[in-house]
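The following blocks contain the structures, represented as structure tokens.
Each of the next two complexes has chain A plus one other chain: chain B in the first, chain C in the second.
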Partner chain A sequence: MPIVINLDVMLAKRKMRSKELAEIIGITTANLSILKSGKAKAVRFSTLEAICKALECQPADILEYIEE
Partner chain B sequence: MRKLLLLKTIIDILWIISMPILLIILFIIPYIFLSDDYSSIPIKINENTISHIDFISKGVLSIMASSTLLVLYCIYLFKKVLLLFSQRRMFDDSVLINLNKIGEILIWFSIINIIGSFIYNLNLNKVSFEISISPLILTLSLGLFFMVLSEIFKIAKDTKEENDLTV
Partner chain C sequence: MTKNRLLNIAITICKIIKLIYILSFILTTVIFIHIQIDREAYNDIKINYTGTPTTFSIGLNKSYSDKWKDPYNEVYVLEKLTTTTIYLIYFKFTCIFILLFLSIKEFQNIIQSVKRLDTFRLNNILSFRQIGKYSILYFILTLLYFILSFNNTLYFGQGGFSQTSISFTPLLFALISFILAEIFKEGNKLQQENELTV
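And now, the complex of A and B:
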């Protein structure tokens, strides 16, 4: 898929663990893993908002479009 | 899910009742070929009472009798689908495959019987034009319905997968 999720990069920058982020934003680690691995088909605005709030970043820091 | 349980019970009973029919069909096919006198056992296939037939009619009738085996196979497949439903595996690949297979088999059953009936009547010079809701047309529609149902289940499965992968 041409949309790449850079969540692990942001997590490394903020020195935060996936489990921690999952707890803050209120989703399961399994769902966060789906998002991180790029298997997710869609992201809810509420989830994106929570991630941006927790990581103090913009949606563009997490989502990136790379032409195939 | 009580309706599903009821349907499953009915289909299970139908399947058990169908077993002797299987044996009867296996007896009828050689009987059609070997016997020339049909007065002892009255045979009626698709509203055609069989009295005296030649070799072509024998072939047609045995094919029509064999096609009943297809219906038995459909009941078996439907039984499997209902079992998967009762296990809450509604979107299993087997459900999609079996529904499509049931549809195809019912269509083939209808086609075989429509053509068979026509050839049998043609052979006896009993060709007539009739406008009515034939059970075979209903079976044909049922077959198409099962195929449509299979496609709808495929769409539902894809939607469910997409929903499961929405974070």
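And now, the complex of A and C:
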């Protein structure tokens, strides 16, 4: 998929653990793992909003388009 | 949905039907063996010819007698049934029992998965396809017997008659099953997408 999730990078920048982020945004660690691994088919705006709020970043910092 | 009465009734009916098929198959096998061992025991069983065509099918009714009697008034005694006919009938019944039993089994699996709230799983798609395949096999079997029976189906010592028909209902079942398999495939895709939406 040409959309890459850079959540790992942002988590490292903010020195935050996945479990911590999952608790803040209110999703399960399993779902966060799906998102991080790029297996997710879709991301809800509400989830994206919560991630941006928790990591104090923009959607573009998490999502990236790479041409195949 | 684990306490859904309708689904529980459907599962129970499936189990009863399966049991009936097993018992019928055992009974048929017993009669099949017994008729070969002791044919005279079937002296009293007489077959009266009634040519009633079935609905939604191509029917073929024919009757003939070697002695140029009126074939419709001829009384056929089961004792005089030829060995080939017995084998053909037994083979047909065995195939029908097996196909219907397997179809019911697949249908029961689908209902049980619906009860477990696991409706759009991959196994259900395969189950519907299997039911479709079994229905086609059933149709082929009836078609085969229709072709075979142009010579005779029930051949007795004094003559014989055949009353066969091609029923298109299994084909309709097959079509419905394949359509349902496609619907469930779409449902499975949507479920996967829903599960992978974060």
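Quick notes on this one:
Please note the rule applied: the second predicted complex is superposed on the first by the 68 of 68 C-alpha atoms of A that agree within 3 Å, B and C clash if a C-alpha of one lies under 4 Å from a C-alpha of the other, contacts with A are read in each partner's own complex, and residues count from 1 in each chain.
By our rule, a contact is a pair of C-beta atoms (placed from the backbone, for glycine too) under 8 Å apart; a residue touches a chain by one contact, two chains touch by 3 or more.
Everything numeric in this text was worked out from a predicted model, so none of it was measured.
Once the two complexes are laid over each other on the shared chain, residue contacts for A:L21 go to neither chain B nor chain C.
Of the two partner chains placed around the shared chain by superposition, neither chain B nor chain C is touched by A:I62.
In the superposed pair of complexes, A:M10 makes contact with neither chain B nor chain C. By the document's definition of touching, both partners, chain B and chain C, reach A:K39. Taken together, the two complexes place residues 27, 31-32, 34-35, 39-44, 47 of chain A in contact with chain B and also with chain C.
Contacts from chain B toward chain A in the complex involve residues 161-162, 165-167.
Chain C makes touch with chain A in their complex at residues 192-193, 196-198. In the complex of the two chains, the chain A residues touching chain C come out as 27, 31-32, 34-35, 39-44, 47. By the touch criterion given at the top, residues 27, 31-32, 34-35, 39-44, 47 of chain A touch chain B in their complex.
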